Structure formats: structure tokens, C-alpha cells
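Structure first, commentary second.
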Amino acid sequence: MSEIMLEVRGLKKHFDTPKGKLHAVDGVSFSIEKGKTLGIVGESGCGKSTTGRVILRLLEATEGEILFEGKNIRELDKKQMRLLREEMQIIFQDPFASLNPRMTASEIIAEPLIIHKLVKSKKELTRRVEELMDLVGLSPRLVNTYPHELDGGRRQRIGIARALALNPKFIICDEPVSALDVSIQAQVLNLMQDLQDRLGLTYIFITHDLSVVKHFCDDIAVMYLGQMVEKASAGVLFSNPSHPYTRALLSAIPTTDLDKIMEREVLEGEISSPVDPAPGCRFAGRCKLANSSCSVKDIPLQEIAHHHYAACNQLTQ
Amino acid sequence: MSEQNKGQPLLSVENLSIVYEVGGEITRAVSHINLTLNRGETLGLIGETGAGKTTTALGVMRLVPNPPGRVAGGKVFYDGCDLLDLPEDRMREIRGNKVSMIFQDPMTSLNPVMTVGDQIAEVVLIHQSVDKPQSINKAKEMLEMVGIPAGRYSEYPHQFSGGMKQRVVIAIALACNPDLLIADEPTTALDVTIQAQVLDLMKGLKQKYNTAMIMISHDLGVVAQVCDKVAIMYAGEIVESGPIRDVYQNTQHPYTKGLFGSIPDLNKDVERLVPIKGLMPDPTHLPKGCRFHPRCPEATALCSKVSPKPVSTLVGGDHIVSCHLAHPQLECAG
Amino acid sequence: MHNFILKRLFQLIPVLLGVSLLVFAIMSFTPGDPAQLILGENAPAHAVESLREEMGLNDPFVMRYARYVGNAVTGDLGRSYSSGRDVFNEIFLRFPNTLILAALGTVIAVLIGIPVGILSATRQYSFIDSSSMLMALLGVSMPNFWLGLMMILVFSVNLGWLPSGGYSDWSSLILPAITLGTGSAAIITRMTRSSMLEVIRQDYIRTARAKGVAENVVINKHALKNALIPVITVIGLQFGNLIGGAVLTETVFSWPGVGRMMVDAIRQKDTPMVMGAVMFLAAAFTLVNLLVDLLYGYVDPRIKSQYA
Amino acid sequence: GIRDTVVVAQRSDAKTLDPHATNDQPSSRVAVQIYSQLVETDSNMEIVPGLAESWEQVDDKTLKLHLRKGVKFHNGEELKASDVKFTLDRMIASPTVAHIVGAIESVSVIDEYTVTVKTSEPFGPLLYHLSHTAASILNEKAVTEAGDSYGQNPIGTGPYEFVSWSVGDSVTLKAFDDYYGGKQEVPNAIFRNISEGTNRAIALETGEVDIAYDIEPIDKDTIHNHKQLKLIEGESLSITYFGFNVNRAPYDNVKVRQAMAYAMNTQDIIDAVVMGGGLPTNSPISSRVFGHNPEAKQYEQNYDKARQLLKEAGYENGFETTLWVSDNPVRIQIAQVIQAQLREVGIHMAIDVVEWGAFLDGTSRGDHETFMMGWVTVTGDADYGLYALFNSATHGGAGNRSFYSNDDIDSMLQAARVSSDMAERSKLYGDIQLTLQEELPTISIFNEFQNAGMQSNVKGFELAPPGHHKLRGVRFEG
Amino acid sequence: MFDAYEESVKKAPRKRSPWLEVWQRLRRNKMAMLGLWILSFVVFAAVFAGFIADYESVVIAQNLADRLQGPGAQYWLGTDEFGRDIFARLIHGARVSLLVGVLSVGISIVIGGALGAVAGYYGGRLDDIIMRVMDVFLAVPSILLAIAIVSALGANLTNLMLAIAISNIPTFARVVRASVLSIRDQEFIEAARAIGASDVRIIFRHIIPNSLAPVIVQGALGVALAILSTAGLSFIGLGIQPPEPEWGSMLAGGRQYLRHAWHVTTFPGLAIMITILALNLLGDGLRDALDPRLKH
């Protein structure tokens, strides 16, 4: 069943800043099949979160198409969009900031149900909230607690329950575990995996932690300064990284394997500014392979092997 | 002083305990910990949030904020003399000079209203008998050394990226060639690629100056990159310590095992992670007995009553574990 | 930097226009006939009417306002209804007095507030801390004119050290400035303390200590400059308040400033005078805030970079 | 040694020293030192010569004045008849003070030292009007030269000449060498603005000022008992009164008005509010004013009578009403005492403190039920005190805020105004007061005293009943 | 299907509102509690003023024979210039003063808060316009507004309150706006939008409850300042309608007796000072208790 859940074409999001136009997302295209997980990785500020927000129309895209089950959601009006929110949800990075500190766990989980009038009675609401809490592994004792009384792991479970309340098919997870301690992180990752198996969810999983992404995702897209530089299945990407940036990124991951430590290629320099970027490969400044041809015009993603795409001049010449 | 103390370890923390008292509640942030570190060695201090890593480091620097914090007992020998006994002005001569510390968050560790160069020059001016222009030259040297053009001396921290700020912080810490550098999660806030740069830089400097280092982290991978020895902290105690190979490859304590089970390994494909169940205990109400026992899959009745003593494992003399499972004889007695 | 200043000065225009319209409307539409007030209750009606005509009060509001603005742009703020003096000159004579008083009040407030605030913060929970905080609270709670009268009783009547009012020489500045400054001193003390406490907790202070910097340098060099940023806002606001709020103090000390004059003018319905005074005050208020913003840039390089 | 400067404190700074530009007391109190008038009033309110040595009534509409010779203005010019004409013409043209000389039709110069003043109809109080500070004589040349800034550069013939003005704070004067009455003993005079009464008393005590006008009632004793200070007090020309809007029920009923007069105890008010600084009065004009009738009816507090009258008027159970009072603290206090007294006879009176501008507006429209105000008969002649207040032609803003109408009163007021026979006038005013005290369109509460505190070494200072005290002759002694 | 993870938590958190916790933290603050005690006392006195002293016969009835008596057995705090018992007037005055303070601040919170919330939430031009208008009001001296209102509408309690309220509106608009701005961009607002919440719901359910803390603190101080303002307005002659006792006008009215009958101003002065002190203590305490950083 290789039905496409979401397809994004030429997505752009530019912000106006005092210094100029900030190209947060600059022509990103990809698609996700139903029931699969697409991982988006990249360094801080490369536009991962912005991509997620634009897809959910929490931010309006500057350009591009977002096809959700075939229909372009950018053309929907406010009302239709609100209906569509039952289908697509988001889990945020910071489990503290994303929960209203003045609402109890049950109030937070119940809110989407109330807004979309999915329950008919108070009793049904209570039942449904309890169901959801049970689903994400929250004890019913916690119904009346406030977020600050809970640890990060539980808070994140509330966030997950809120996202699940509307029975969405598709969830964007924006770094859902990076604020958590390692031991809790593993608990939450397992939960999300279980939920996907049971409910057949489709995920976009945004993170900067490559080991998590490898563990969790079917496909992986690597972003650099608003653009996608490589996309492949998890296995292929890790066994055969092609884009110089991907290679550098993978080799930079600190590993616990004491024998693997010395073979690294460390990148020189830092990410350049996304404000009014010059055309051409955004990575060229830090790239060992770069030559003058890299800075002529933007380089599109090209298929370099079956289902393996990369945006690099040097690979395709 | 260093001549006659050749045989001794550079730093030796004995039985150090630190508590915080807030609103009548006592947090035992650090309880009876022991650490030793020789010249040129690097120790990795690993633990989850709230384990007491930063507090330990502050204890060594004698910078535990008071109130609410207080050193409740123990000794910190540096080069043979107890830092906790020194008068404040003597301690000030050591800080930033013999012992330096890099704090957790580079974004906030620099004074936003002083130029980065002045912040480096200041430490030189305090500790070395140089005049102002000399200290400025030295600061420029340090900037170049950490890979920042000296021309950016008069810029302010907000004009720098996270990685550059972290490098400035390192430059401050190393400006007086300290014997001991304490780095508190120096790369946690940074992206992987920048993290790799900074780790490389620190490794290089350490080799060049033979600086001893305590590297605090919750990332097992980062510690593996730079450390010779590790100590694993849990709820204010060191549960396992020893040479890095012993601890990583012959893991003894259930908590350490749990940590390894929680992180996805790039080299292995596992269907599910094996997390440690439960949560860190409430620091003001620590469990009796072994502090890890409520979460420990192997806990016995004894574990909930008696706290385990640190013992050497059978493998090597330096590999120390605090766990009843490593004391088979006691188990019988219990 | 220059652009920033120009931009800010430019923004003054709509605010001043708004203020002038509002005040003009208030003066026009509240009851009370300036002509009657000038002539007094004993004046015959025809005298009042002819005076109204002469003052142009019988014209429609819009016309009068337009005339006012038209003249004001050329620098002509008109003549006082009640004294016939040129408003600009009159305010120009008196405004410095108010400014001096407000400035000295602010200086006193700063000289007391900042050191005491620092002392309190560095000795948090000590006796010094709690007593200075209590003093600060009392300072805020004290009705201004009451304090002024008390000080006159003590320092002028009982001790005979200082004049009880008027403006003869520097000594007549002391009591009103202290009266005016007390409330601000209290507010600045509290602000300095809390800002300092905040800053002392910051990582970079810990960094400074870890470098081996002596404690007094940590406080006076590293912490103070950072702590001053929010304090400066408060100082600016206070200065603004002191300029505008000197009415009571000026009355108590018979101080020849604009505050008391403005109140009298309002009650006399002396529209040109009120307009002039309010415009000066509003402009001063805005300029002080601009100054504060510039000062920010001086203290905080992060902000300076935004002024480009 | 002997002080060379006399410092006077009053409650407000002068506004302008152009006597034609303002009519407010603080300005006049300074102006009166700088200028002289054609005639003056003495402390008994008798007309005495000023710049005019003598005068004669040519006919009942024409007054001829003979000027003193050799009088110098502060700018060195000599006083001429042309200056007098110029001054009076200018005054008539000034909307601010024209009403004081409203009766004058024309002024003509006969010769350098003689002028005649013609009124459009006979005008009895003319001399009193010419003694007003606003009728000070100006120098034509000085006024023309100074233009708009004359108010800040006054030139007069008075005992003191203008030196400098620190706006809002003080006006400095110095003794004029060529003053026709001889140079003053104290070479300098400063008028300081101290608006708070308490502070004026304090400034006296601390020695910062030599004379302080308008001492607050509460401070009078302190100054009186102070070794170095003294207090003088005297009747003024000012009456504080309680007015009705006689167009409104129940005040259209004279019994109600009388009942209220019987309910009041004015002596209590005087004692409590102004600490004895006033006299109960039987007339809307002060006993110092020409035309005052001592025979008019004086109301004494009598609750029974009051209740009886109310009953007769049909208000046995009292009623509720509202008093308008301006934001003058003394009047508010008086209002409170009256409020308490009226409560005794069942009249519940709310006090609305109305901002002065609004007060004048509202009372001239007749929005009020009752109101409290004061009236100063500045000229010292009953015409000024009675005509505006009780004439049916002056309803509302023109002075008659009780909207009282009585044809008899109207005609008597007119007759007294146009007569130049003082005895006849006196008779007419006496009758008017008798009627008014029966009809009671206003209840006169009391005749205010005015006072001044001063250092005991200040000699020669006298209170002028109109309030514009003169420093002429003041000296330090001991 | 919650897993073993749950068992590790022994204590089940009870149902507690965050306000309750604020209260608990507040209770630990001795100074704040002192403030609260004083305030409660004042409020108590105000509420039961009628039982303590009769309004008609004691508070407003004059007794000119006993004017300006010093404190003593018959009149605890002495009498004023009309021989009225100052103690009784103070207690009744508490009603008026607190009412003026609380209501005027209430009005400015509602109006200023609404303006600030709209400006902060929608931003852009609307924000610009609203805040410029607020600037205009801020630049107009509050005394002018007060005199204008009083002269147009008359000097009484309501108008005095209105005058103080209007001049406070810009302050509250600013406070609320700043607070809304800091909340508007937080993730939980985005989360609410993601589940389809409308603007109205977001403002009322999410933004307002979270921006209340600084408003409460400012409110406590605002009440204090309002009481001081009434004293100031009384000083320039714009007090409330006599014979109503009100602290500000008692204080200002008695100033001429300062040297002869010190008690006439001193006690109202003390009452004002103590109450404002209490409000400030409470305000400070609330600020600490509401500080999110002290949450844990």
C-alpha cells in the first residue's frame, strides 16, 4: 500500500527581517507514504520547524503546494482548514512551553474534543480523555495535575494525547524528545512507535539527533539552510551517505564505540546566514569538493540511485 | 609545591557532600563522592539532569552559591592542599589560573556588555604580572588559537555564533594555562558539526599543554571522544567509575547498563530501545538504601534497605561500582 | 544611529499632534468660559461677550484648532489669555526651573537608589537589606506634599537651615528636590535591587568569579552594567514623571515651575498656556525616553546594533 | 542693621503689571505700588486726592479734575492731562477692565493739568470707580514704546518702580526717587508668590518675608502670640453669601428662604471656619461700603422659627437640595457647617464642589438650586455691590445669579446710580437693603476680615479695605 | 495501557489550582502576609464601619464645640476642624478610599487590558494605532484629565474614580501588551491553533489567564497609587463631595492645621501610608509568588 499521504512541492517560506529576506525554507519537495515515518534532520536554524509549521498552516507558505491526500491545503479557507486539523496534528519540542501552564492535563487533552465538538456529553468527554490518557500511558490519577507538577516525559505524553485526541492520520513531531533525558527519551520513543503500529499513523519526525532518526524513521531527508540536500531510506542514507554535508554530519556524531572514534571528517567554518542567500549550493563555503560551478545556480535534488536523491553537482557530473 | 607533590594525584576529591536548602527542604545534590585525577588525564563525569554534576564542579571551584548551597563535608585536595580550607584571596589566585572552569551554557556564560577580547584579557591581567597591552596581546593570541581572527577582539558576544562563543569561553579558561580544566557540558548546546569542532579543539589543546580535565556530560558518545576515565553519577552519588574501556565495555551497574540501553546505537539496528523504567527520584526525598533501587530491574530486598559501598570489580583495580550485586557475599548475609 | 534619532524625532510629530488635539478639545468642550474667568465674577455680560469676540472664542472648534496648529508650526504658541504674555517666552522662562528640579530630584534618587539597591542585593536577607527595603516602601507610600510640609517644618521652621520655599539660590533647591526625589529614590532602589539579584544569578557572573575576579569588581564592573539596563528605563520614566508630576511639590515650595502654572492655567481655561505647557511636557517626556533609549545603546551593545 | 528690603508674600504671582490687562488681586496688589490713581480712598473708604489735587462736579454728567503739578513717571516723563486722557481711553477700550469705567462717555483735555470726564448719564459712584487700581494712570509714551510687553515693563508714578520679575516667583521693586509723595524709606520691595497659606506663615516665622498677606485663620493665633511677629486684621469689602435660584421650587417661596436664614448660625461659621475672622452681616454689602444700612434685618439662628416657616411653606418634613460651591477650601468648609445646620430643620443639602469655570458657567445659566459665592465691592460704593447682583437686567452671568426680579428694586437701583446727591443715594440704598433682607434672594453669611502678618519691626503698614494694600510709608524700626 | 513507568510515582498529585499554589507560596512570605493582614484589617474596618461608628451621628455630624481636639479618651485620634471624630471618619473613609482605589484600577484594567491584549495579540497596524493613542494619553498630564473630567462632570466619587481610571489606562495597556507579546509566541498558543482553536478562544482561554500575573502585581500597586492620587487631587482642590470622609481629602484638608493640630493630617497620612505599604508588600509578595521561575 504505497498511497501517498502528503506531498510537498517547491515549498518556500521567507521571513521579512530588518536585515533582509530570510529564506527559512527555500524550495523543498518531498512526499510521504501512508503509515511511514519521514525524518527531517539538519542543524539548528536550517528550517526544519518552519517546514513543519508551514505544512500545518500555522505559518503561511510564501510559495509552493502542500497536497494532503491529494488536495492542496493552501487553497482551503479558514473553516475547511479547521476541519482538516482533525486529520493532521503536531507534537512540539518543548513539553513545557507547549502546554498551557494554567490548564490541567485533562483540560488540555479535552480541548480539541470540545473545539471540534467530537463528544456529546460531559460523561463522554471524561471517558474519552481517560481513554486517551490510557493510550499514552498516563495514569488516570493525573487528570487534575498541572503541567509544572509533572516531569518532562509525562508532559510530553500529554502533548501526544492532545495530538491524538482528534484521531489524526498524520502527525508532525517537532523534536519531541530532544528536551528529555536519555532514559525518558527512550520511553517516549517506544510509545510513539507503539502508537504508530496500533493506529497506523504517518509521521514527519523532525530532529537534529541522527541516531534517533536512524532508529525511528523509514525515510530521511537532510536539510541545509532551507534546502533539502539528500533524501533516502534510513538504511541507504546511513550506509551510503552521498552529499558531502551528509557525510560530514554522520561522521560528526559522537559514538560510544571506542574503536571508531578517530575516523572523522570535521567540517570547517559555520553555517552561513539564511538572509538573502546567494544562488548556488548553500554548503559550498564549507565543502571540500566545492568549485566555482557550485555557486552558479541553485542545485536541485537529483536521483543518484533508486530512491536515493541528492543535491550535489559533484555527484551527478 | 608541584615538585614535592609529584607522586600525588593533581586533584583528589574525598567524601565530598553538598546540599542545597530551599524553603526548608534539603536537596542532597552531592553525597560522599570520591574522585581522583592525575596530570594530563581526562575524566568524564556522566549523569542525567539533576544528578549533581555541575554541583560537584562548583564544589571543586568553591563556587557553590551560598545561600542556598553549602558544602556539607569532605575535602578537595588540589596539588596536595585542601581547597576548602584556603582563605578566599588564595582561592581567587587559583581560580581561573591553576583551575579553570567552562560553564554549561556558552550563550549565557559571557558578559553581554563586555567585548569578548576584554573578557579574555581580564583573566590574564588578574593572574599574570603583565600590563594592559600585554594582556590584550595575549587575549588576541588566545582568540587565534581557538580559531577566531584576532581582529574580532572588540566585538560583543551577541555578534558571535554559539560555536564561537563556546570557543571564547574555552579561550578564557585556557588563557592562563591551567593545570586543571573543568568543562561542564561544553558542547551540549551546539550542533553536531560544531560540537565536533569544539571537541577536536579541546582535545588538541589538552595534548599540547598536558592539561588535566574533567568533562561533564550526559552524552556517552561525547565522553567517549575525549576521556580516559569516566564516573557515572546518579542522584548525587557516583555509581560506577573507572577507565573508560572498563566502564563502557564491561558495564557493571544496572543504571549504567540502562543508559546504554536507552540510546539508539548507530551501529546496531534494534527494534525497540530498552529504557530504564521510572523517573529520577525527587532530590529532596531520596529513596532509602540504594538510590537507584526503585528503578532497578535487578533490585532485591536488600537494595531498598542498605546503601551499597563502592567496591572494585573483579576485572580491574580502578573500576569501582556501588552496587550490592557486585558484593555477592553481602547478598548471602542479607 | 543618526537615522535612529531622526526616526524617533519624526515619531514625535503624530504624538504631539494627538496630544494637541486632545488637549485643545478638552479645553474647548469642558465647561467654563475663559472670558468670564478672566474678567471675574463681577464683570458685566457685555464685557464678557466682547472679550470672547476679541479672543476668537466664538469661532467653531475646527477653525480655532487649525489656527492654533498653524501658528504653532511657525513657533507662535500664542499669548496667555490671562496675563497676555507670550506663551513660548513664559514657558521658556519657567520650564528650566521645572527641569532643574526634576533633574536634581532624579540625581538624588539615583545617588541614593543605586548604591542602596546594590547594597541590598549583595546582602540579600540581611538587616541592611530588609531595613532599606522598608525605607524604600515607606518612600513610595508617602504622599508627596505631606513629606514636603514635614521637611519644611523640620528644616526650615525648627532648624532654620534651609528656606521654606521660593527660588533664590541653590539652597532653595534642596528641600523640593529631596521631596520630589524620595519616591523615585525608593522606586530606583527597589528596581536596582531586583535587577541586581537577577544579574547576580547569571552564568556570566559565575564565569567572572571562576576567573578569579575579586568580588567588588564582580559587582561593580560585571554585574552593575548589566543590572543598570532595566534601571535606566525606570530612571527615564521617573524623570518623565517628575517633570509632569511636580505640581504638588511646586505648590508646596512655591516653586516657579510649569507644573503649578499649568494647573492654574487649566483652571483659568487659559488654553494657549495649557497647550504650550502640555506640549513642552509631552516633548520633554518623549525626548527623555529617546535619551533613555540612546543610553541603553551605550550600556548594552546588543541594543546598539539595532539602532543602525 | 536696618533692613533695606521689604519682602511681601502673597498667594499668587502677579500676572501682568498692565492694570488694563487684568483685574486680579495679586496683580493689583503689586500694581498699586507702582501706580497712582486720580483719587484714592483712605482706610475709612473716604475719597481723598491722588494725582488729582482737586475736582469739581461741573454738571451731573461732567467731572472736572485738576492734576497735581510736577509729578514724575518712573521714566522721567512728567504727568500731563494727555496721559490721563490716554489712560482712560485705553481703559475704555480694554475688554478686561472697561466695565469699571463703563459709565464714561468721553475724556477731554482742558489744559496740561486739567481734564474733564463726561458720563453718558449721571453716575454717582464715578469717583469711587476712578479710585480703582485698574484706573491707575499710565504714561502714554511708555505704553506706546513697550507695545505688547508693557505688562512686563510697567511705568507709573507710584512710590515704587519696577526693577525685575522672576516669573512665577517674585517681582522686585525699588523706591522711586522722584515720587511726588517723597521717597520711601525702605529702598527695595519684593513681592513673593507663596501659594500655600501655611507656608506664608512659616516664611514669616523663619524671617524669609516681612509681610504676609492672607494669613490662614488657623495660623492667626500663632502669629499673634509670636514675639517677633504681629497680626493686623480688618474688615474688607467682601461678603460671602448663600444664594438661591429663586426661579426654582422651593426657593420661589420667600418663606423657605427665610427659614433657611433662621436655620443658619453665622457666628458659628465665623468661629469655626475663619476663626473669628469676620463679622455677621445684615446686608449684601460691607459696613465699610458707602450706602450700607445698619438698620437692615439681621437674622439670628432660631430653629423653631425656621421649622415654623417651613411648615407654612408646605415643607414640614424638609426637602433635599444641592448646594454648588466652587473648589475654594474655605467656602467648602462653610458649606459643610451650613449643611450640618440645615440638617437640623430637615433640609438635606448635598454639596457639589464645582470647578470654578464650570461654576460660573452653570450658575449663569441657572443650572443650580443654591450656590455660595463672594462679592467684593471693590469701589467701596453700594452701586457696585448691589446693582449687578439684584437687578433684573443682570440675570445670570452679569451678576444676578439668583435670578431675582423686583421692579421696585430695579428702579431704586437705577435712581441711586444716576443721582449725584450722596444723601439721596444713601437713602435709596438703605431702602433697597431693607427690602432685600426681607426678600432674601441671597443670605449674606458674613463680612470677611482681611489680615496680614508681619515682623514686629515693620511699621506704617495699613490694610486697605479693597484689599490692595499700599507699602507707601512702610518702614523698619528697631 | 500505561506501563510500569507509572508505578514508580508514589504520590498522586491532588487537584490543586495554580492559584492555590501561588497562595501557598505567598503564605510563606512573611512580609506579604503582614501586608495581607493589614489590608484585611482595613477591609474589615471598612465593611463594618457602620457598626463601629454611626455615619449620621458621628461621622458627619458636626460638633463645633469640640473642634480640633487632640487624641484622648473620648476621641481616640482627636477631632477635625468641625469637631468630628477622626477615628470614625478614618474607618468610614477606608470604604471610600479603597473603593476609589479598587474600582478605578478595575476600570483601567478592563479597558487598558482589553486594548493592550488586542494590540499585543494582533500586532501590526492595530498595535501601532492603539499604542500611539496610549502614548498621547500618557503624554497628557493626568492632572489635566482629572480637572477636565471633574469640571465637566462634577466633583464626586464616581468622577474622581473615572479620572484616575482614565489616566491609568495607558499603564495597564502597556503591561498587558508586554505580557501578551511574551505569551503570544509561545508554543502552547501555536498548539492551540494547531488543534483549531479560534482567536477568541485563544485570547480568553490561553492568553488572558497567563498574562494575569503582571497585571495583578501592577493592580496592587495601582490601587496604592490611586489612593495617593486622590490625596494629590484633594490637595489641588479636587477632592470628593463633603462631608463624605475620604483619606486623601482628610489629609489634604488638614494640612493647614499641621502645626497646631498635628493629628488632623497625621492620622489620615498614616492610614494612607500603612495601607499603601501593605499593598506594596502584597504586590511584592505576589510578584515573587507569581514568578514562573520559582515554580518548581
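Order as written gives the chain letters A, B, C, D and E; numbering starts at 1 within each chain.
What we mean here is this: a residue touches a chain if its C-beta (ideal position, glycine included) is under 8 Å from a C-beta of that chain, and two chains touch if they have at least 3 such contacts.
Protein identities per chain, from UniProt: A = Peptide ABC transporter ATP-binding protein; B = Peptide ABC transporter ATPase; C = Peptide ABC transporter; E = Peptide ABC transporter permease.
As the structure is a prediction and not an experimental result, all values here were calculated from the model.
The set of chains in contact with chain C (Peptide ABC transporter) as well as chain D comprises E.
Hopping across touching chains, the smallest step count from chain A to chain E is 1. Leaving out chain E only, the rest of the assembly stays one piece through touching. When chain pairs are compared by contacting C-beta pairs, C-D ranks highest. At the far end from chain B, in terms of centres built from Cα atoms, lies D. Centre to centre, using the average C-alpha position, chain B and chain D are separated by 90 Å. Per-chain CA centroids place chain B at a distance of 50 Å from chain E. Chain C (Peptide ABC transporter) and chain E have centres, each the mean of its CA atoms, that are 23 Å apart. Across the assembly, chain E contributes residues 3, 5, 9, 147, 151-152, 255, 258-259 that each touch 2 or more other chains.
Among the residues of chain D, those in touch with two or more other chains are 196, 198, 355, 357-358. Contacts with at least two other chains are made by residues 277, 279 of chain B. On chain C (Peptide ABC transporter), the positions that touch chain B within their shared complex are 125, 202-204, 206-214, 222, 225-226, 299-302, 305.
By the touch criterion given at the top, residues 60-62, 64, 67, 81-82, 147, 150-152, 154-156, 237-239, 241-243, 253, 255-261 of chain E touch chain D in their complex. Within the complex, the chain E residues that touch chain C (Peptide ABC transporter) are 132-133, 135-145, 147-148, 151-152, 224, 228, 231-232, 235-236, 248, 251-252, 255, 258-259, 265, 269, 272-274, 276-277, 280-281. Of all residues in chain D, only 196-198, 216, 218-219, 221-222, 268, 271-273, 327-329, 332-333, 335-337, 339-340, 350-355, 357-358 touch chain E in the complex they form. Within the complex formed with chain E, the chain C (Peptide ABC transporter) residues making contact are 14-16, 18-19, 22-23, 26-27, 29-32, 137-138, 140-146, 149, 153, 157, 244-245, 247-248, 251, 262-263, 266-267, 274, 278, 281-282, 285-286.
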